[in-house]
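Chain nomenclature is as follows: A, B and C, assigned in order of appearance, with residue numbering initiated at 1 for each chain independently.
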């Protein structure tokens, strides 16, 4: 259900029952969840260096959205992009190798999870940077592949960057098929939305004449159904759209940097799709989860055994 | 040259080259502020483009970052994107999109990704435009992997220049001195009654390097390296140093400033008694200093003195003409510096 | 479009000076209207426009130009002119260097050295250097000191207590002519003494009668002209290979110098002119000589020259045969000497020395002497010269 334009309040945990997900959706949700959890474990075990930004709690967004996309649509992801990558390319091996700098890494270990290019999927590491690049891609698509769209994932914090406004302005002016997917999890690194954003996301979009839609559901089926006309309109009418998902980040920003009080995070966990789907169909869910957990564990073992990645084509 | 042809001005030659690029490549785009006809851009370099190619020549809002990023997005999709900054000074607003996204995308995904993005920057002073419209910011782009810095000169035909840049398939920042726009292109090896030039082959990626010399082509006392924007002032200094001081000087004007191809020039530089690098920007992390350091490394044993560097003064560029001339490099600045160092 | 080319105005100058355009650049002019003033080494010529049109100047006043050189253009319309100007502009910029051997560029130091030591452009050009430095000229002087030494010695000596000047163009032309004469004409000379009593009386009478000035020089012109038929070699021109061009008429040049330069205007076809014509012409020439205002055609074409030294008590003078001519006749000043008349009384008479310098390749002493004797005879019985009957030829 999409809420009408209103104030950007801190989203409240929802406990309403979710409709039954398709097998592939549930499997993908669980793959992403366990991939992220395994990653955090590897970091805390000191087996991976660098940084990572897990999307725990937000996995349903790409799972709901991507079946609506064509192969030829372009997805711009961000630093919190593992879910986006896995949903787009179903390639946990390549992703884990990339993050751990092992052979088979989707980008030979050079970009890491924040800077991945594969087919029509690209993640960027600087807030707002992707929005303008997405404008360029959308322009190309509008001219050469009518009907195709460019999706750009941003967060609530991204709206601090001027590039976002330049991009929206250009997209509306030039009538571009740009879909801005905002995962509004109420927090930008350690800063609550209320302390970094004046006004609302919806009002920002409206300022440029760009239709904005807000969703607070975690139900993959419901979201997909509501997103479908928006995605279609974006591509066919060449009309940029802002789709805002009210969601929660259940993990830290990267690792060890969650400044929220534990109870607050616990409260958010109550609205997690994981428990909702598990409670709705415990047997089915548990079997799927075991499969996912096992798959990820195997992948981790195999990947860590791989030799280091080689960067040749410089 | 027949009587029917008139010496083409640099700005006209640039305009023609842009027409050619858009003509030959149906996937080439041109983005810039106020570039639509009849205005054709602040310096008229885009004249005629929007009329001929209305779908691909976009006059944009004042969004340097936005249009640089959009250009990068087009390049990512395999198109060619030429993005005009109205003044080089404003390229600072586009740095994230050019340096962090476009430049790095060439290699940061673990394999080479072609990115045909050209960011054009009208640069330089001596027109009284003041501190934020007169700078030479080549230094901002030195040393970034995947980023190439080129500069327009009256020796290098612009059609070939664009071919070189596009062949690189990497983001190129092209500096175009504003005063140079109205100066004539040189042809047939002639600068004037005293000075001639030839194009040394250089490297394929860097394009040819112009060598300017007096008609007698005497062994040089000094070799001056300078970007194309300083051509008039450097040639004037070559002339005055010869006629007034009997110093034989030659000049080298490269097309690509960075990466800088020193190797093809080493024999000539090794034969010079002294070497000088002249640039319009200030000292500090500058192109001139980069070249000087490269020369020191390559020719340490052969040099009799350090490479002389001539820069603008470390001050904001004044608007008033008489003050501007004190801050920016003039012909006399070069003449005096070389003469002083010759004593 | 009509080109305005410099005609060949004389035989002695390689180049002229464009003094002044008489029509404004861009202005309109009609065919044959005065267009431009060109100065030769001796004269100031006014050239007429070759056609109607709008003028496009190609050479600025003060610049040198050569015969045949294009100094401007005439266009039928102002638009054509403007179009041409636009096209021409860049062609000139581009073709900054003339093809062939361009004039070398001198550094300022070299230029100063060249001026200081009077090194002429030809010697600098002969170095074959595109750029000439002071050291190049120092070396040049060191290598060829003999030629320069005397001149240099004179120069440096003069520099101590005098000034360095340049001869006027007119005098430079004279210098060139006499140098050429010395170089190419092997001369000998002979002199006779002429009793001028009859001549001077006749001139005075004629002058009173005709109310004009008439003097011995005028008489001499008539006399000399009359002798051409009988003394053709005196008026001939030596050619290489022992050949000679004889003259069909007597064109008598007369030296005149009133402080504005030495001029030798010519009485063309002197043999066909009456005394009155000759008198009038010489009077006009004297006025022009005072103004240094001759046209080329007035000073060209002489085949004999009268070098007048008939003042200041000059006894006689050895004249210089002009290059291309064979004989020059000199007239010394009138002297009064005592004499004995037919009846043995002591009287005074006025005499003058008449001399002839002659090219000994064509004329021997006998021929020269014969010429002088006849000239003397004519002067001593001048009545036929002053007859107003026109000469037959």
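What we mean here is this: a contact is a pair of C-beta atoms (placed from the backbone, for glycine too) under 8 Å apart; a residue touches a chain by one contact, two chains touch by 3 or more.
These figures come from a predicted structure and were not determined experimentally.
The touch graph of these protein chains is an open line. Every chain gets a centre from its CA atoms, and the centre nearest the mean of all protein CA atoms is that of B. Averaging Cα coordinates per chain places chain B and chain C 62 Å apart.
We define each chain's centre as the mean of its Cα atoms; on that basis chain A and chain B are separated by 43 Å. We define each chain's centre as the mean of its Cα atoms; on that basis chain A and chain C are separated by 103 Å. Those residues of chain C lying in contact with chain B across their complex are 86-91, 93-97, 102, 105, 107-109, 129-131, 133-134.
Every residue of chain B that touches chain A in the complex is listed here, in rising order: 27, 29, 55, 58, 60-61, 63, 65-77, 79, 81, 96-97, 100-101, 104-105, 107-113.
Residues 74, 105-111, 115-118, 122, 124-126, 128-129, 131-141, 143-144, 150, 162-163, 166-167, 169-170, 173-174, 309, 311, 313-314 of chain A are the ones that touch chain B when the two sit in their complex.
On the side of chain B, the complex with chain C involves touching residues 1-7, 184, 187-188, 190, 192-194, 214-216, 218, 242-244, 246.
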